[in-house]
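Take a look at these structures.
Look for chain A in each of the two complexes below; its partner is chain B in the first and chain C in the second.
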Partner chain A sequence: MAGGEQYSGVHVLDPEGVDYTGAEVEATTVKPDDPPMPPVQWMKTNLFSSVANSILTVVSGLFALWAIRGILGFIFDPERRWEALATNMRLLLVKSYPFDQMIRVWVSFAILLGLTGLALGLSRSGALAPVSRIASTARNVGLFLILVGFLGPFELGGRIRWWIAGAVLVAVWFGVWRIMGDKARFKMVPMLPFTLVLLGILVGTLWVFPYGDYRFVDNNPTFEAGTVAMTSKIGWSSMWLTLVGAWAVGVAMSRSSFGVGLRKSMPLIWLVAPFFVTWVVMRDPDLDWDHVLSTDIPMFLGFAAIGGVILFFLSKPGLGEAGRLIAIALVVLGLATWVFAFFGWAPLWPMLQKARLSFLLLGIFALAAPTFAGETAKRLRFAGGWVGAMALLHYFATMINTTSTLEIAEPSFLGGATLSLFVATMTMIFSFPLGVLLALGRTSKLPIFRVLCTTFIEVVRGVPLISILFFFVIGFSLFLPQGMSMSQVAQICLGYSLFSAAYLAENVRGGLQSVRRGQFEAADALGLTGLQRTGLIVLPQALRVSIPPLVGQLIATYKETSLIYIVGGFDLLTVANRVISNQSDFLGAKMEPLIFVSFLYWVVAFSMSKYSQTLERKLGLGTR
Partner chain B sequence: MTESTTAVPIPDRLKGANDMIECDQVNKWYGDFQALKDVTATIKEREVVVVLGPSGSGKSTWIRCINRLEQHQAGRIVVDGVELTNDTRNIEKIRSEVGMVFQQFNLFPHLTVLDNITLAPRWVKKQPKSEAEENGMALLERVGIPEQAEKFPGQLSGGQQQRVAIARSLAMEPRVMLFDEPTSALDPEMIKEVLDVMKELAREGMTMMVVTHEMGFAREVADRIIFMEAGAIVEEGTPEHFFTNPDSDRTKLFLSQIL
Partner chain C sequence: MTTGSLATTQQQRPPFYRDAVVLKWAVQLAVLAAVIAAFWFSASVGLQSLDDKGIDADFDYITESVGIQIAEGIDTKPNNGGRALWVGMVNTLRMSAAGLILATMLGVLIGVSRLSSNWMVSKLASTFIETVRNIPLLVQIIIIFTVFTVILPGFRDFEDPFNEVGPINGWLHITNKGVAMPRPHIADGFYQWAIWLLIGAIIARFVYKNRANARDEHGGETYPGWIALGVIAIFAVIGWLAHTVFSFLGAPIQTLSDLIGRVPQAAVQIALTVVAFAAAARWIQNFFAQRRTPGGSARLTDDDWFRVIFAGLGAVLAAGVLWVLWPGLSSWIVNSTSDLFRVIGDKFSAERTGAPLGFQRPDIVQPGNFANNGVQGLVLTTWFTALFFGVVMYTSAFIAEIVRGGILAVPKGQSEAAAAMGLSRMQSLRKVILPQALRVSLPPLGNQYLNLVKNTSLGVAIGYADLVTVGSTIGNQKGQFLTVFPVIMAFYLTCSLSISAVVNYFNRRLAIVER
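Right after this comes the complex of A and B.
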């Protein structure tokens, strides 16, 4: 190729040489872009192929121009008070989280970003895209910017700035096309590093570009438009470094056995992360070390050790009837601790809540023990699983039950976007297994389960979400035993989880019904137990079928978290809709925050739906 | 009806063998419809029995009663000395000794071929993963498709799928294998590869009960042929007797239609 000299100034990559990601090994398996069509021919085939097509093109083109012009006119209207948004960004994201503790929010964000980077690195997932596609994307964006320059309500100077920006992008495309020519369709670029570099450039502009500085000083908004923002550039740069660093670590480890093990435990880590980030990092429990040492740790050790020994014994192969009896006795014991609490007899048998949970969990593990019976190593893993479960349970129960060091007047340390995301995440974590259980119960042969689950599902689906929320926030504490209480956020999460579970259950049930009878028969004929048949054969197939409706339901629930305000929570939408426009400095500034918030909702919902498509494709591999 | 189950000569190789499956006056109804009528038969260890009969005669129903995919309502079924009752322990025991191959293969589409085979040994027999995979590969070798181990069932031909299904059953080291029309869903060119595997199994001394329309297989491999009609056993005999000199008119009619 002719590019040898062109590259000489900036030493990038040997164009023919080894790529740092080893991408060219896979490059052969990625389909190159189709050869580009000349623009005129492209228009002919796609836009003006027939009279009807031409009319449609013209009409919808005019409509699009009109709409873009309207939107631009709205956004860049001098009347718009975007500084209301910029000044209140912190309020939108974390509501009244103490300013001097803001580092905790950054750390939380860094943990999540670090996990993301690690997961991406470990899975070595790297979509590849041909250079030509990246270039033509740049060209299209550039053309759009030029169009914006024409349609927006700008002075001439403003227009020229848009045109220059657009022209730069178009020039990128032109340069690639000139230098690489047809090779651009075959040279693959790993998208992930490319995206990271783009993000880096974006973050880098914080250091030089005068985005302006907007904040409250002693409750007075101060605007310094046209300056380089001081507050966030260090924060965002650290976030970017965390992401990239974690990704690099993940890639480096991905081939080692530790990396493989870590990749397998990523789902568990992801499950624990939201609890850790919110209750430990952001809430900062004020641990009473005397109590921890005298009660919490000994209790954990007791449950872990005694339970571990019992479960190791119960997972002995061929234990038979004796094992079953012991397991049932443990379940009865676990349930009894709750019955005592709920009927107000707790003083007769006082214990901490986490002890009750531990007893119940021990019963469930005991029931599952025969399924995990096997050679010693396998039994040890099972007992180890118990110890791990206990560690998590006792750790988080202790943290959640300890008062926070934060001084916040409101009922919750979460607010704004953090509250919305928190409720949505908890709802997903709890409603998914609950929905699966409800679906299984509804299709089970046991009449009690069937009737209970069916009743629950039908009642919840027939009641508006708002009344369920009211019930849980106002009425639910009447059902709780004496001495047991729930924070308002927990009540809200519970309400959402039960609501969402009822809908998820119906989706899962649809999936269950699509599993063919032969699958049940084959599992039975092989001697699998009913539990194994469900868990290993039926559910995996049912869930795979129901991924699209399940994700659709999760997205719907996520958007419905905007109803939190009805029961008095300050979620993202409430802050945007009611708080900002009531500030004396920004009276009536409603549209700006609402547009921004809608955009945030859209980004998350869109990513979820994209992810579900990827998941579907990945899982679809095995099916016909 | 029970008279017909008399005097089938026992081949030399089965002399002194234990009874593997005993059915005594087995009856089954679907609602008001009686699908099995006083079915009585005994199958010896290492014996290969082929069950023939017109469509709807109850062949599948009978064979499926033997591992409790269907429940009989009267009579006794005893497999290797264990009677099938509502006691789940007996059902578990019998299912672990009886393998079954279905017309529609019924492989698990979400698992690879090797995982299909190792699933039951690992979860039911509690075999360690490495051991189960070693056995699984040996079985795939035996049915002639070790190179397909990492594929998914949907990527295999019908004949290959059925051979995987046979390997999956064999992985549980059953003492009896039930086949319900194992080749009926296959294209002609794939039937042979499955029948060859079954012949090999029979030669190795597996007790087999086979519902099939493959008369060649029946003639060549069966020790005994049982002919059913309308839920009852009409005639029993060696292949030679059955194909050349059947007793009942109904059998003659069936043979004239099928041969």
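Right after this comes the complex of A and C.
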């Protein structure tokens, strides 16, 4: 079962009808390697099985050699100015984030890496692979390096260096075979620690090899040979240590009850992390403690306490009509605060934006309360959830509303790769719930909802993303009432989210349609309410089916962030294509940064698509 | 009795605020009202803020001069905004149509290659797919465009750029402004020649059927396709030499045109009225015939009577339009038909003795300080070429994966059966595997076609004059973003809906007919 189809939107049954049940997946991941074929026989079956095939092999082989030679000739052309890339690396990644505050970027990166390591460790993920497969990968890379030595435009000395590197890798393979023999096919190595070690070696080379130090000093590019900047050495080493440390901690905790609890709350932590990293770590709010103590904390406590009590009361079993009426009253109250603000009657009833958000949220929680009705412990958990939601909301609202300490002239402190990543992340976070709602609306039995959702989805899917972005970046501010404004980044995120939500909705709809009728009927027979049926029975099954297309949509969104370039944001592509080639020192150096940008996009998109294929195989989709 | 049970049901009904039906409709209507209110409010705010800026949101730009120049297309100096948008639309359509064809061909080729048993070929195909589809299309387009502007020679690289541009001067110009080559075009004697081709095609059809029948009856290869093509080729050659034969058609067609031009307006009006009433009468007659049962006419419901009345009213309405509301319509029909025949007659006039097709060779002109690359011929500008290659490669990578999935979905027994029947690998692929794979891959293929059309809008990044580029230029010029925007949206929606309609049509045609 190949996963590429999912990514491209096709759903294909496994041709041989193999049923990948869980046990068999386990078996396939740790399957010993096939016995090796002698090279001559391999070539005979795979390259020269017939005359036509031989001709095809020769022609395509020559084409491949020509292409590799062309690419190498381009990369190692003395006219290429890769130093333009090295000197501008900071610009590409974080744009004009203040240099003296760069530690914040490192900390943000460390937080994300630490979470990644922790998640990997807690779930003890990572496949096993036979030693022989690793060895033959090393051999193939080695052979390729030797080929590069032949084809590249090098002096003899350079060629010899490539050949030596290649020979070492081939020797590794040879050594493995000499020492382990046939046992190499059955000896399994966990891939994750192996990869971490490889990464460690890569980081370690920073301390050994003099890659050179490229940077701007007073707007002049400088180059210092034979050294690597201390910031890079320490920075990357500590990143590696964070990753490995978090992974080790995760593995150590994975069996304890705390670890299990932590693993269950990982999704929530991942959801909060982007907000924390951007608005707290990178933006560094300058908290006004008087205001915090006098207003923010009391406000939070008030909402948490009063709301908690109300919700605890509302989730009492058998409350009946009264509960509904109170919930509806709360919703009306929440909506009213927004209507007041929107029509400029806010002076009649002044309040902070986070209070309005809290009121609205309280209404939504109150509506959901009967679903959580039950014994006292369950009701307490529900009220606790409310307090947690309030804590997050008030914390982030306070942080976002406080002015930043960053001394930065740009309208946004995000730029370059951070902007692209930020937009992609926010799009993911906001488009997912919206997409699920749209999908539910489109499949609902209520005609007005269905028509509204269908119209939205079809219109958005029928027009190009760029027109939607243009609309939001240029036209949207016209539609905002007097005195309201929206930053460009927010407009871009809004456009992306709405666009992506329409596509997500179609993916989720596919999942919803795959849920059997019997599941609905069984839920009804159990006496579940409509909300419970959707949330507990239908959606989990539907989302499970739609995971592969959802990951495909994720990759698409990530690639689409390059369109920020067209609407005038300062993203990765803008820096690469417009900024660097206009610097007086690197005039016209366009291809180098562009190649780097495509490489960055490629690495992430490629690994995500590979991951989605693995996931699809694991879930055994399309085979049940 | 009935009323009694009804009464009990009514008593059991919950109060209105618990009644599921009432609540459902109340919530839906409330949401609908909120959506309409939000739209209404935003529209009023938007108009107000435009008013503050001194801009009237209107569609006047369609007829006004917008003073923009378009780099390529059917009209480089459109004299109003509507025309400019039309040029942009044609450019988008041109790019999409060319892209669809090439991307499909390339995609099928790569998809089949990826499944090849030849290691080298399948590795090359999968490398191409994995590279191309994991890099954003926009980045690819910009890279291709940059490469073109860097590696292709500029006009300065030639010694005498206004007269001598390589590689083959006057036939093929390759510069960083694009590629110029001779453009075939319809010339003098084309329509006379087309009649020869038409006759050839009709005869070829009979020949094809005849040969195919012979093959089916007696076995053995009779090459129906090749022979039919040969017949058409023979007629094409004869027609090329003797196309003036059909010049005699010119005079009668002109006479016909004059005759039509003399038809009085009233005659057309009467004829069309008669047609309208006859159609209505026929419809009503058929309707009654349908309602007739062996036991006599069925009772007509109110609804049926309405339909009959509406049919009659339709005829009356048509007559009203013809005689009162728009009497000019009839004379317009007369005049334009007459004009049409005059134009056709002119195509067959005796003076047209030149060759059916002509070739315009590229020719360098210098309107200002800069030389223009072969404006006379067929010019693939750098913008067009970069966007075209980018879009085609990107889409073909996705199409290749779809084709591969489709082929894998065909049961293995099919290819084994084909092999058992003695079909070659190529034959079994063409006649057994691909047709079945098409059935699975058509819906996602349609999605990719939609994506391709939408992706051509990325041309705005490198300045290809497509609808979005032209539209945003006009929007900037006139400050009319809000009214240009719906035009762009409507155009793309129309394209998308038409493509889905075509794909759905073929999808239904291809669906397995079950018992």
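In this section, the second predicted complex is superposed on the first by the 565 of 624 C-alpha atoms of A that agree within 3 Å, B and C clash if a C-alpha of one lies under 4 Å from a C-alpha of the other, contacts with A are read in each partner's own complex, and residues count from 1 in each chain.
One rule holds for everything that comes next: a contact is a pair of C-beta atoms (placed from the backbone, for glycine too) under 8 Å apart; a residue touches a chain by one contact, two chains touch by 3 or more.
Fair warning: this is a prediction, and the values are worked out from it, not measured in the lab.
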item: Partner chain(s) touched by A:Gln541 [first = chain B, second = chain C, both, neither]; value: first
item: Dominant toucher of chain A (residue count), chain B or chain C; value: C
item: Partner chain(s) touched by A:Ile566 [first = chain B, second = chain C, both, neither]; value: second
item: First, second, both or neither for A:Glu375, with chain B first and chain C second; value: first
item: Partner chain in contact with A:Ile234 - chain B first, chain C second, else both or neither; value: neither
item: Touched partner set for A:Val597, first chain B, second chain C, both or neither; value: second
item: Touching partner for A:Gln519 - first (chain B), second (chain C), both, neither; value: first
item: Shared chain A contacts, counted only where both chain B and chain C touch the same residue; value: none
item: Contact footprint of chain C on chain A as seen in their complex; value: 2, 4-5, 7-10, 12-13, 15-16, 46-47, 49, 53, 56-57, 60-61, 63-64, 321, 324-325, 342, 446-449, 452, 459, 461-467, 470-471, 474-475, 478-481, 555, 559-563, 565-566, 573, 577, 590-591, 594-595, 597-598, 601-602, 605-606, 609
item: Complex contact set, residues of chain B against chain A; value: 67-69, 92, 95-96, 98-100, 102, 104, 106-112, 119-120, 123-124, 126, 128, 152, 154, 168-169, 172
item: Residues of chain A touching chain B in the complex; value: 317, 371, 373-375, 377-378, 516, 518-519, 521-522, 524-529, 532, 536-537, 540-541, 544, 619, 621-624
item: Of chain C, residues touching chain A in the complex; value: 17-18, 24, 27-29, 31-32, 35, 41-43, 45-46, 49-50, 116-121, 124, 129-131, 133-140, 142-143, 146-147, 150, 398, 401-402, 404-406, 408-412, 440-441, 444, 447-448, 450, 454-455, 457-458, 460-461, 468, 472, 475, 481-482, 485, 488-489, 492-493, 496-497
